[in-house]
Amino acid sequence: MSVDEALAQLANLPYEELGFAKIDHHRALRRGFPEVIFGPGKTAEQIASIVERLASSASKVLVTKVDQECLNTVKRLVPDAEYHPIARAITVNRAKDAPRRRGIMVLSGGTADIPIAEEAALTAELMGNEVERSYDVGVAGVHRLLDHLPRLRQAKVVVAVAGMEGALPSVVSGLVSVPVIAAPTSVGYGASLGGLAALLTMLNSCSAGVSVVNIDNGFGAGYLAALINR
Amino acid sequence: MSVDEALAQLANLPYEELGFAKIDHHRALRRGFPEVIFGPGKTAEQIASIVERLASSASKVLVTKVDQECLNTVKRLVPDAEYHPIARAITVNRAKDAPRRRGIMVLSGGTADIPIAEEAALTAELMGNEVERSYDVGVAGVHRLLDHLPRLRQAKVVVAVAGMEGALPSVVSGLVSVPVIAAPTSVGYGASLGGLAALLTMLNSCSAGVSVVNIDNGFGAGYLAALINR
Amino acid sequence: MSVDEALAQLANLPYEELGFAKIDHHRALRRGFPEVIFGPGKTAEQIASIVERLASSASKVLVTKVDQECLNTVKRLVPDAEYHPIARAITVNRAKDAPRRRGIMVLSGGTADIPIAEEAALTAELMGNEVERSYDVGVAGVHRLLDHLPRLRQAKVVVAVAGMEGALPSVVSGLVSVPVIAAPTSVGYGASLGGLAALLTMLNSCSAGVSVVNIDNGFGAGYLAALINR
Amino acid sequence: MSVDEALAQLANLPYEELGFAKIDHHRALRRGFPEVIFGPGKTAEQIASIVERLASSASKVLVTKVDQECLNTVKRLVPDAEYHPIARAITVNRAKDAPRRRGIMVLSGGTADIPIAEEAALTAELMGNEVERSYDVGVAGVHRLLDHLPRLRQAKVVVAVAGMEGALPSVVSGLVSVPVIAAPTSVGYGASLGGLAALLTMLNSCSAGVSVVNIDNGFGAGYLAALINR
Amino acid sequence: MSVDEALAQLANLPYEELGFAKIDHHRALRRGFPEVIFGPGKTAEQIASIVERLASSASKVLVTKVDQECLNTVKRLVPDAEYHPIARAITVNRAKDAPRRRGIMVLSGGTADIPIAEEAALTAELMGNEVERSYDVGVAGVHRLLDHLPRLRQAKVVVAVAGMEGALPSVVSGLVSVPVIAAPTSVGYGASLGGLAALLTMLNSCSAGVSVVNIDNGFGAGYLAALINR
Amino acid sequence: MSVDEALAQLANLPYEELGFAKIDHHRALRRGFPEVIFGPGKTAEQIASIVERLASSASKVLVTKVDQECLNTVKRLVPDAEYHPIARAITVNRAKDAPRRRGIMVLSGGTADIPIAEEAALTAELMGNEVERSYDVGVAGVHRLLDHLPRLRQAKVVVAVAGMEGALPSVVSGLVSVPVIAAPTSVGYGASLGGLAALLTMLNSCSAGVSVVNIDNGFGAGYLAALINR
Amino acid sequence: MSVDEALAQLANLPYEELGFAKIDHHRALRRGFPEVIFGPGKTAEQIASIVERLASSASKVLVTKVDQECLNTVKRLVPDAEYHPIARAITVNRAKDAPRRRGIMVLSGGTADIPIAEEAALTAELMGNEVERSYDVGVAGVHRLLDHLPRLRQAKVVVAVAGMEGALPSVVSGLVSVPVIAAPTSVGYGASLGGLAALLTMLNSCSAGVSVVNIDNGFGAGYLAALINR
Amino acid sequence: MSVDEALAQLANLPYEELGFAKIDHHRALRRGFPEVIFGPGKTAEQIASIVERLASSASKVLVTKVDQECLNTVKRLVPDAEYHPIARAITVNRAKDAPRRRGIMVLSGGTADIPIAEEAALTAELMGNEVERSYDVGVAGVHRLLDHLPRLRQAKVVVAVAGMEGALPSVVSGLVSVPVIAAPTSVGYGASLGGLAALLTMLNSCSAGVSVVNIDNGFGAGYLAALINR
């Protein structure tokens, strides 16, 4: 493909103008998954419209970080939308029977980190993966993690979700030879600074093979895991 | 493999005690690449000893963020060590003829980001990859990046290195469907806060598929790219 | 004009003392637009009084960042006051028929940034400008922005509003030859730090011609655009 | 111009590949001024090469934040390059006889802020402007500023450079009806936090019409002033 | 007085043990004003008890930063307690007829800063001062401040209360020869960082004679003004 | 004990899998006290389940930072659970008659710090200690502290809880020869930055023998005091 | 004095234009002390010129934060200039025989804080005060401070200089009934954050009557003490 | 002992006035160890004087964070002073034959953390302890730590020194039942923020029993360990 062809392709990418949003219908083709809707700052009506338009051309839609009541508005336009209360996400999935790839493992440091871990797992599942979970394996009791060594070593990519001191990804990465996606959470108080402490811990990991997403960005961690697991 | 077997294996991992360091000779087997030596805070003598011990059992050794003069001390013990002045790294490579995997592309936003980009590229090359580079493609002249669209779309993983506002990874990620590893640099001044501004930009990327390593951590970006490209 | 004359003029600037505020009736003459009322921290009664006094001598009044219910209190004193729910502003405009200057374009990175973009557009419109808008053109899908190149290149000043990583102004500025006013928003979470990440991105723009206003300061961006477009 | 034409134009923008840099020869046409070279992080040899290539197609070249000794390397390739010791900049100007536009005034709060103020003034002059300067007019002695009221009121755009508490732009903006570009400097100590205090002051200006550039970014302030003064 | 005498005096300072508080009845003698009660974090019952105990030995009591409803609880024990809704303070004053010293002037930058300015003024009044106020004299319209020059120059100490960019104390201090107490407020948004921007501005004042109290600490500013005005 | 034995022991530590949590029943043996439940981020149902499971094998259970209403859910499964409203903790204690060790003294700087001081005291008591308390002994009236010198000097470890400027631990440590555990609290406003100011004060203590726990971490301070007092 | 008269006075304040500085000869009359020269960021030549011009009309000149070698340049123009190596200041004092006011006491927490304490004491002395000093009285050994109680209680204003945890001003303020000026220093390491920790401690003082100047601003503390002691 | 007796004792604590320092000769009796000299900010002459005076009454003296050349100045006054190059400390020890207590173990995460670990170990040794060391046991290779389990479990207190992500203390604390003193170091780069990242990690430890000292404060960690081990 020449540069001219690539640019021509880019110039002609279709999107649908809603006024408050430009729906990128082509993204599923270009990037392998349709546009994902980040919920906060959008009205329920705006979310419902975008879901409806996306669902008209894609078999899967994901809305993150929304409350249960947003589902009611969405369902009026897209009746098969579903709400996932722990992950706080809405999905439309019209390809539930597609086969799933194995290889992704999602860990959480504590119980309070589970919502973000579930957001990651749900995203990766919607993108066609079988996801293995193990929660509450934080470093204060490292034997709980060691107990998972055999399963850990079979993963092709690990998502490690942790708040407070955020040390889980470093310890995990030292035990495996695959990429570890570190997802800090805002769980904690005082000097956790809303998750900044965990974020900094993860960025400074002395174990190579760790990369980091934004605080509470379970979606981003799951999405990246799915890209790596392809 | 049972949990007991895994733990027994872990318990019996060999390491060599140097007093000031514990050499993890087993890491090449366990993680696919030998222990990497982070230079700062170690004396040239300590570095030389560690390189010598590692090189006694591994075919490749990497020391990051060291000055040229450190090489002299290392060469006394390991004569085939080499210095890479732009990447500021020492390598020993006794497997230069091994075949290299394609798939990694390293971009830099500006000229001043090249040392970190080269640290990433050198790491990935030492780990057995063919690395494609394109430097000075920052977002202030987006046509320079668009000109690389066809090559970009053939990569299996992209490392995007940028200082100042650090916007390159977001723009790149919107154009490709593979993982983008964002490596912020400390290039900039004033409100760049030693690279924190670029780091925050990358963590907040509105384009999914981006993950981030520490500021100036070219090594970490290259290492992760190699893991993903396996 | 001599220094003495200028100072004498300054010394005799009229203002009206309300106790809790000093109304600067002269500002429309001196600065080309009457004093603008920043809503937060003032009671509805204080706002209503100030609007009434300003409206007694000026044909236009603007109150920013207020709720709908504030309008009721204001309307008791100034019946032709209007509320703009998206921009969260109250206006009085008794010069609606005045001709409007073209030249200002307001862009938003995402849907959630629209309230601040609208605050900017509304301010510029009230100051006598025709404002062109294009929303949801963030850098994650740069083709949506490229699609506006011809319109962008006709603008005399661009206001680029964006939260999260805030990369929009840099990319826009690289495509045009006019001033770009960057307005960061508090849209985002975690490491967006309430908009600080977007703010820092914009301050570190590697593209010349960008200047920045406070986080969520749509008013300031629109006001400055109007000054530049005169 | 249609979108297709604009994109075609963008796709075909010429740049020259130097390996460590991509020279954007077209920028003078597209943005009205050639690419400007930010000195830090580049070797003197790299700077000299870029200056030479730019000077082959443009009549003006600007390098910012470099030491005097960099000039020697540059002069070997471009003998008519000049060094400006206070502004710490190198220029090539082969259009010195072109007429200059009036309208820009550059102020500094203190003596120590002059290098940044001169960087701003030099940039604007190179871009074809006549620049009026007044230095050491900080708010601790507001009469020194009031003494310039008549000249201030004739400016079409004001650049206000200040470190420490950075209050100058707010006070100036309250006295004029034109855009004020606030350039914070790193002058100060302790809680000035390397210029962050001045930057925050300027971003929080209660006077509309102020926008801000990065700390010590005299170039950016002068460039923007020139764009506005066109 | 010898060291032994001083220590003996210190050792025998009476206080009353309430379990949750130790009432320092001696403070009025030692420091010239009784202990002041900082409201937040205490229950209404605790506040009422402390007020009652203090009022048993002192003629004046001050409680800061409390809601109106706290007064009801206090009044049950101390019926002559009064609430000041703007300053959000409770006072008991059984020495209202005492003569008051002139010399303190309290300024506010804007309308929204008035609650903190009133907290300062109320404190100084309770400590026996006549307080002159002038509100909404911020630097965006410096003529409003200049209009008060003669009164300003008669003050013996000035309290300057300001949020947002917090430039008022610097400008005031340049016009007078007496101490200026700078009281930053949390008024503002975005990069005001809850008042930190104003605080930093004031700490970096280039005008000598300014000292600073905590954000929103109107009480501290008024107390210090009273000490200086003695 | 050999390394193999230690690891074998670690490998076989029992825990109970609840899905959302892994109950570490062995911790009371290994660490001398059962796992403690940090309340925030867990549902009342999750907390109740964990308490029930822990109480099935341990004689003491502690839940920190929970509201009174959480007790109702817990009591359904564990009827002898108790709520401590000031410390905001739930405890189960089936070994109330065990003898208690003396030696721990808990101080608070002010009345508003008492909840954290009580969390510390309660934790230490549950772990088998007799705790001496003295509250409201902050440095603004150092005589209140001096009055406790004899009791202070009998302590084997002191917990000093303070918000605002957090100077109490330094002063205390200068008076005793035992470890001082400094517990900063979030009491304060403005530049207290949610307790960061007190935390930094304590970390920078010029008096040796002070160590610090997280802001508002009364539990951690009490736990450590109990470990030291064994 | 009327407003017109005051403004006329302000308008006609004489200053001398040096190009790089505007000498405010009138400040000694207006503010009671001539302009003070902050050394950093000025060349020795600029400092010498300003000293010479100030000394032509004032009997006292102060330059702060300069090295010994700056004195040589200054002495060429003003032979009676003196250097104070501990305070790192240059003074000219042609009124050494004037009587001095008692009432100012300067304390330092440690030995390393003495340079800032001396800068404060020197400033106050130059402004006509007798200054009492006591150094190394930090809170780690509070008996050293208590030993000064009688002298402390005779002061009319206290300057308390301290780095590290910066607790000295709070403790002092609790012992006296006069204003305490808190001067934080950058003495410390790690979490002292260049003096920010001490600064925050002082701003959060729970003892009323404390106000704060910038980190290492001994001059500002001494100047303010002199204003208060008038 | 009554309060009066305690205060009398405090009032009469002897100290020796050197002008720049007040030597607290009594501290060895009061706190069990003589005053320790923090080197930075003191001249070599000041340090030598203080060492000489302390050594005149105490058998042990410790100076921290000094260069080798400081020793020369000290030796002129105290010939038996010794320098410890890794710990960067000077000691005088005239009680070398005293028996030493076992129970303290000092760990370091990496090789670059050893200087701080040695500062801790040296301090504890000087205070009469036998110290067991194990260096380079960071969490990236947790098997190196597990290999020390039997020795770890015999310690009465553990000092865990680590830079970068600082996760070592949490993992260690989960394996032992004794106090863990966490000492963060400034080892790292970029987002390690000079050790703040490690400090925050340690403060947020999810494992109870951990307390934290200042960044690079090896002395403080060793001192506290000695107090606990008494």
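We just call them A, B, C, D, E, F, G and H in the order they show up, numbering each chain from 1.
As a working rule, a residue touches a chain if its C-beta (ideal position, glycine included) is under 8 Å from a C-beta of that chain, and two chains touch if they have at least 3 such contacts.
Note that the structure is a prediction, hence the values are computed from the model and not measured.
**Q** For the chain pairs A-F and E-G, which is connected through the larger number of C-beta pairs in contact?
**A** E-G is joined by more C-beta pairs in contact.
**Q** Name the pair in A-F, C-D or F-G that forms the same interface as B-H; by residue number, over half of the contact pairs must coincide.
**A** Repeat interface, by the over-half criterion: A-F.
**Q** Between chain D and chain G, what is the gap in Å from one C-alpha centre to the other?
**A** Result: the chain centres lie 36 Å from each other.
**Q** I'd like to verify one number: the distance from the centre of chain A to the centre of chain B, where each centre is the average of its C-alpha atoms, in whole angstrom.
**A** That gives a centre separation of 25 Å.
**Q** Roughly how far is chain D from chain E, centre to centre by C-alpha average, rounded to an integer in Å?
**A** Whole-Å distance between the two chain centres: 45.
**Q** Hunt down the residues of chain C that sit against at least two other chains at once, touch-wise.
**A** Where chain C meets two or more other chains at a single residue, that happens at 3, 7, 10-11, 38, 110, 141-142, 146-147, 175, 190-192, 196, 199, 203-204, 206, 214-215.
**Q** Touching chain F in the complex: which residues of chain E?
**A** 10-11, 13, 15, 19-22, 24, 27, 38, 40-42, 46, 65, 184, 186, 194-196, 199, 214-217
**Q** Using the touch rule from the top, collect the residues of chain G that touch chain H in their complex.
**A** These residues of chain G touch chain H: 110-114, 135-137, 141-144, 146-147, 163, 187, 189-192.
**Q** What residues of chain B sit close enough to touch chain A in their complex?
**A** Touching chain A from chain B are residues 1-3, 5-7, 10, 30-32, 36, 38, 146-147, 149-150, 153, 175-179, 181, 199, 203-204, 206, 208-215, 219-221, 223-224, 227-228.
**Q** Name, in rising order, each residue of chain B that touches chain C in their complex.
**A** 109-110, 138-142, 164-167, 170-171, 173-175, 188, 190-193, 196-198, 200-207
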